[in-house]
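For reference, the structures are reproduced in the following blocks.
Two complexes, one shared chain (chain A), two partners (chain B, chain C).
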Partner chain A sequence: MSSYVITIGTVIALYAIAACGLNVIIGYAGQVSLGHAAFVGIGAYAAALLATKAALSFWAALPIVLAISAIFGLLLGLPSLRVRDDFLAITTIGINFIVEAVFNYVPFFGGALGIGGIPPIMLFGAKLKGLGFFYLCLFFLFIVLAVCWWFTRSWAGLACFALREEESAASSVGISPVRFKLLAFVVGTCMAGLSGALNAHYITFISATDFSFPFSILLMCMVVIGGMGALWGPVLGALILGALPEIFRPLVDYRILFYTVGLLLMIRFQPGGLLGENMIVRRIFARVFPGAK
Partner chain B sequence: MGQPLLEVADLSKYFGGLKALDCVNFRVMPGQILGLIGPNGAGKTVCFNLISSVYRPTSGRVLFEGRSTEGSAPYEIAKKGVGRTFQIVKPFASLSVLENVLVAQGIARYDAFLKIWSAWRSKSEVNRGMRILERVGLAELAHRKAGLLPLGNLRRLEIARALRVGHKLLLLDESFSGLRHEEISRLEGLIRSIRDEGIAVLLIEHNMRVAMGLCDRLVVLDHGRKIAEGPPEEIQQNEKVIEAYLGRKGGKDAA
Partner chain C sequence: MELFFEQLLNGIAMGSIYALLTLGLALVYGILRILHVAHASVYTVGAYMGLLFYKLTGSLLIGAVGSMAACALLGIVIERFVYYPLLKYPPYVPLIGSIAVMLSIEELCRLIAGPDVLIFPAELPFPAIHLGTIHISSALMTIYGVTAVILVLLWTITSHTSLGVAMRATSQDMAIANAMGINTHSIISITFVIGSAIAGIAGILVGIYFNQVYPTMGYVPAYKTLALIVVGGLGSVPGAVVASLLLGVAETLLIGLAEIPLPRDALAFIAMIGVLMWRSEGLLGSR
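This part shows the complex of A and B:
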């Protein structure tokens, strides 16, 4: 594989990890979060600061990074999950802008210059880069998918599905809405934090604009296009939206236009996403092989 | 008679100037079927929402097993053993019929942080869910998506769900409306068998024949006030009740 393909593959894997986290929040628990990039940023800044200021290795810092992501998910989720639907969307957008502003204007976080000189990840005494780092990302993506898979099969997941479908009926059968929404939120923000930490060590330089609102929208698009609530949905969404800009590199100025048209087509023809309910793949298959089920 | 299972004491709920429920009192004894009847807008569903803590009362109290439920969230009321259905059915639409019931079966686990991580699709839970579906007559539709069921089946699904929660008290909000004749008699049988298990039932009903035949006692509401209470035979003769439903003597017959 050329290093170009490996780089794109790594970026897609990092997108997929964050998008899987967003899928837990939106797809499983039905809570629209439009500020997911903020939590990727919190993970990235936590990893960067622990590596540069505390001189911790990636592996030593990882549990702390996840804990910080969880704590911020809890703190920011607690007030936002008190509101529903469009209000929740607006609140989470607000969170995204506030977190970005804090990174941008507080000197502790490097201000507008960001944080540079983040050391690469070491494994068995060797620096991980290129293919090795790509495999590490795939390994973490695999773990994230396993967690998602387990979540959908656990009582916690079932409670989240019930909340997504009908909140008042869910609370009438003993499900605490606040508790389970927060749980899904924290699981999702941990995955975002993981993606951010890997990204910080990969690029070795981060700044606030890397985690701005358009990145949240991109992650949201990945989840929607792949299929909300589908296990592999965010991975497919990350693959498509990660690879498309490269394939259409000459058209890069019109990228946003393509996203928009793509999203509109999705909303019209595949509202459940490519791997969601009533997926187009299955419909075509059913048409070609009418007998098969 | 011993301690009432549920006691509604001077319960009021105002929405602005509208007195949706005004100083209502009644008691539900264990193993009793109590009917809550009254014309449209009498405050029956508001009363249900106060009992299940969806609303907070303006004044008055709801006592369950002698304890005030003040400050409890709806999910905490469910944990006390109170199951409810909704007048406008609220299925978990994209889940299967069986999964709808399984959600309710998890009630004992949702409090324990370690127990919520075990798998829900275990054989014993599925069997338990199938038993309740057989009881309400939905077993053959267990794997159908709940959102695709017709209203009659959804009402039975809600009862199945409520039964997995309400091992002490069941609140049924117009569970008979929209059902065919034969479905009604089957549901009557089901509710009697629930009562015979010792579960108290409080039901809102518009179908007078059903309410009179099924309930041990009736409470009649009109414009948020309790206007009568007693056994069905007594209620049938009660002048105030007849007036509330049909209008004053000399007026035109209501439909």
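This part shows the complex of A and C:
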């Protein structure tokens, strides 16, 4: 594989990890979060600070990064107990703007200059670069998918699905909205933090604008296009949105228009996404072969 | 003290512009329960169309009317083709649709008009006013005057005409309003026409005030106005106006005078999160 393909593959894998996290929050638990980039940013800054200021290795810092992400997920998931649906969406947009502003204005986080000189990840005494790093990302993506799969099969996942469909009915049969909504937030933000930490060590330089609201929209697009609540949905979304700009490189000026019109058409005609409920593939299949299930 | 008054006047102007924008959002939320993020892109289009008509004809009035017409048309198109078919889905579906519409229009503006900042060389037909040592520019006077006229007009329409009664009935209960013989779909369209035309005016006013028009001018207002309708109380038009004026003044005074090391754009969201946590019905909303 050429290094060009490896680079694109790595970026797609990092997108997919973050998008899977968003899928847990929005697809499984039905909590609309439009500030997911903020959590990716929290993970990235935590990893960058631990690596540059505390001189910890990636592996030693990883549990701390995940713990920090989980704590912020818990804290910033608290609004979801108080506000619902579209108001939660605005609140999370607000959280994204505030977190970006804090990274941008507080000198401890490097201010507008960001944090540079983050060392690459070491494994068995060798620097992980190129193909090695790509395999590491795939390994983490595999773990994330396994956690998602386990989540959908577990009691917690079923409780989240019930809350997503009908919160009052679910809580009347004893499912605590507080516990399971926060659980979904924590799981989702941990995945976002993991993606951020890997990204920080990969790019070796981060700044606040990398985690601004448009990145949240991009992650949201991946989940919507792939299919909310589907296990492979975010991966497919990340693959499509990660590979398209490379395929359409000659049309670089129209790229964002292409994305946004695509998102609009998707949400207008197929809100469930490519792999979501009532998926388009299955509908076409049913039309071509009536009677077949 | 002079500086304080000048900042206060600037703050009120900023607040008036926020109010004109937030108003449309509050009207739409009141009637459809949709967070109309794309409203800010209507405002961007309004600024561009105003500039275009002004340059073609040399008359600010024709510019304003042309921009209002273009925005009203755009508003109806968004309502008919995006929001109305999505009403049956959970609220986040139209919200995502709205964000997609906003980004698409922003990109179209960039591709058609170019990414550069255009200047708005408006010549206002009256001079600046001097009250003692305080200087009120003609741009500020225009903003105050236009905002006051629009607010009075809107208040008259909603409280003293049968159209206003129909609008309020539709926002209270669309099914019952329909049963009473109100054509709710056309009421929804009229609401979009009114809100979008006002957004067009806001676009021109911003263009004149800052003397610049650019594709991403709607980016921050899009989300700030969301925060404002929450602070004001959902779907409450008076609440939205009060919250906008307060935010305009607070931003200008706090950032301009107190030199708080905080980005001014985060203030609206901090206020919003505070309101959501402690008084979720907003400043003037009812439970």
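Operating definition for what follows: the second predicted complex is superposed on the first by the 281 of 293 C-alpha atoms of A that agree within 3 Å, B and C clash if a C-alpha of one lies under 4 Å from a C-alpha of the other, contacts with A are read in each partner's own complex, and residues count from 1 in each chain.
Everything below uses one rule, namely that a contact is a pair of C-beta atoms (placed from the backbone, for glycine too) under 8 Å apart; a residue touches a chain by one contact, two chains touch by 3 or more.
In this text the structure is predicted, and so the values were computed from the model without any measurement.
In the superposed pair of complexes, A:220 makes contact with chain C only, with no contact to chain B.
Of the two partner chains, neither chain B nor chain C is touched by A:139. A simple residue count on chain A separates chain B from chain C, and the partner touching more is C.
Once chain A of one complex is fitted onto chain A of the other, the partner contacts of A:59 are absent, as it touches neither chain B nor chain C.
Applying the stated contact rule after C-alpha superposition, one finds that A:271 touches chain C and leaves chain B untouched. Of the two partner chains, chain B is the only one that A:156 touches; chain C does not reach it.
Looking at the shared chain after the overlay, A:248 reaches neither chain B nor chain C. In the superposition on chain A, contact is made by A:170 with chain B only, not with chain C. By the touch criterion given at the top, residues 34-35, 81-82, 85-86, 89-93, 95-97, 99-101, 103-104, 107-108, 111, 223, 226-227, 230, 261-263, 265-266, 268-270, 272-273, 276-277, 280 of chain C touch chain A in their complex.
Within the complex formed with chain B, the residues of chain A that make contact are 150, 153-159, 161-162, 165-166, 168-177, 179-180, 277.
Chain B makes touch with chain A in their complex at residues 52, 54, 73-75, 78-79, 83-84, 86, 90-95, 99, 102-104, 106-107, 109-110, 115-121, 161-162, 164-165.
Against chain C, in their complex, chain A makes its touches with residues 26, 32, 34, 79, 82-83, 85-87, 89-91, 93-95, 97-98, 101, 104-105, 213, 217, 220, 224, 253-254, 256-257, 259-261, 263-264, 267-268, 271.
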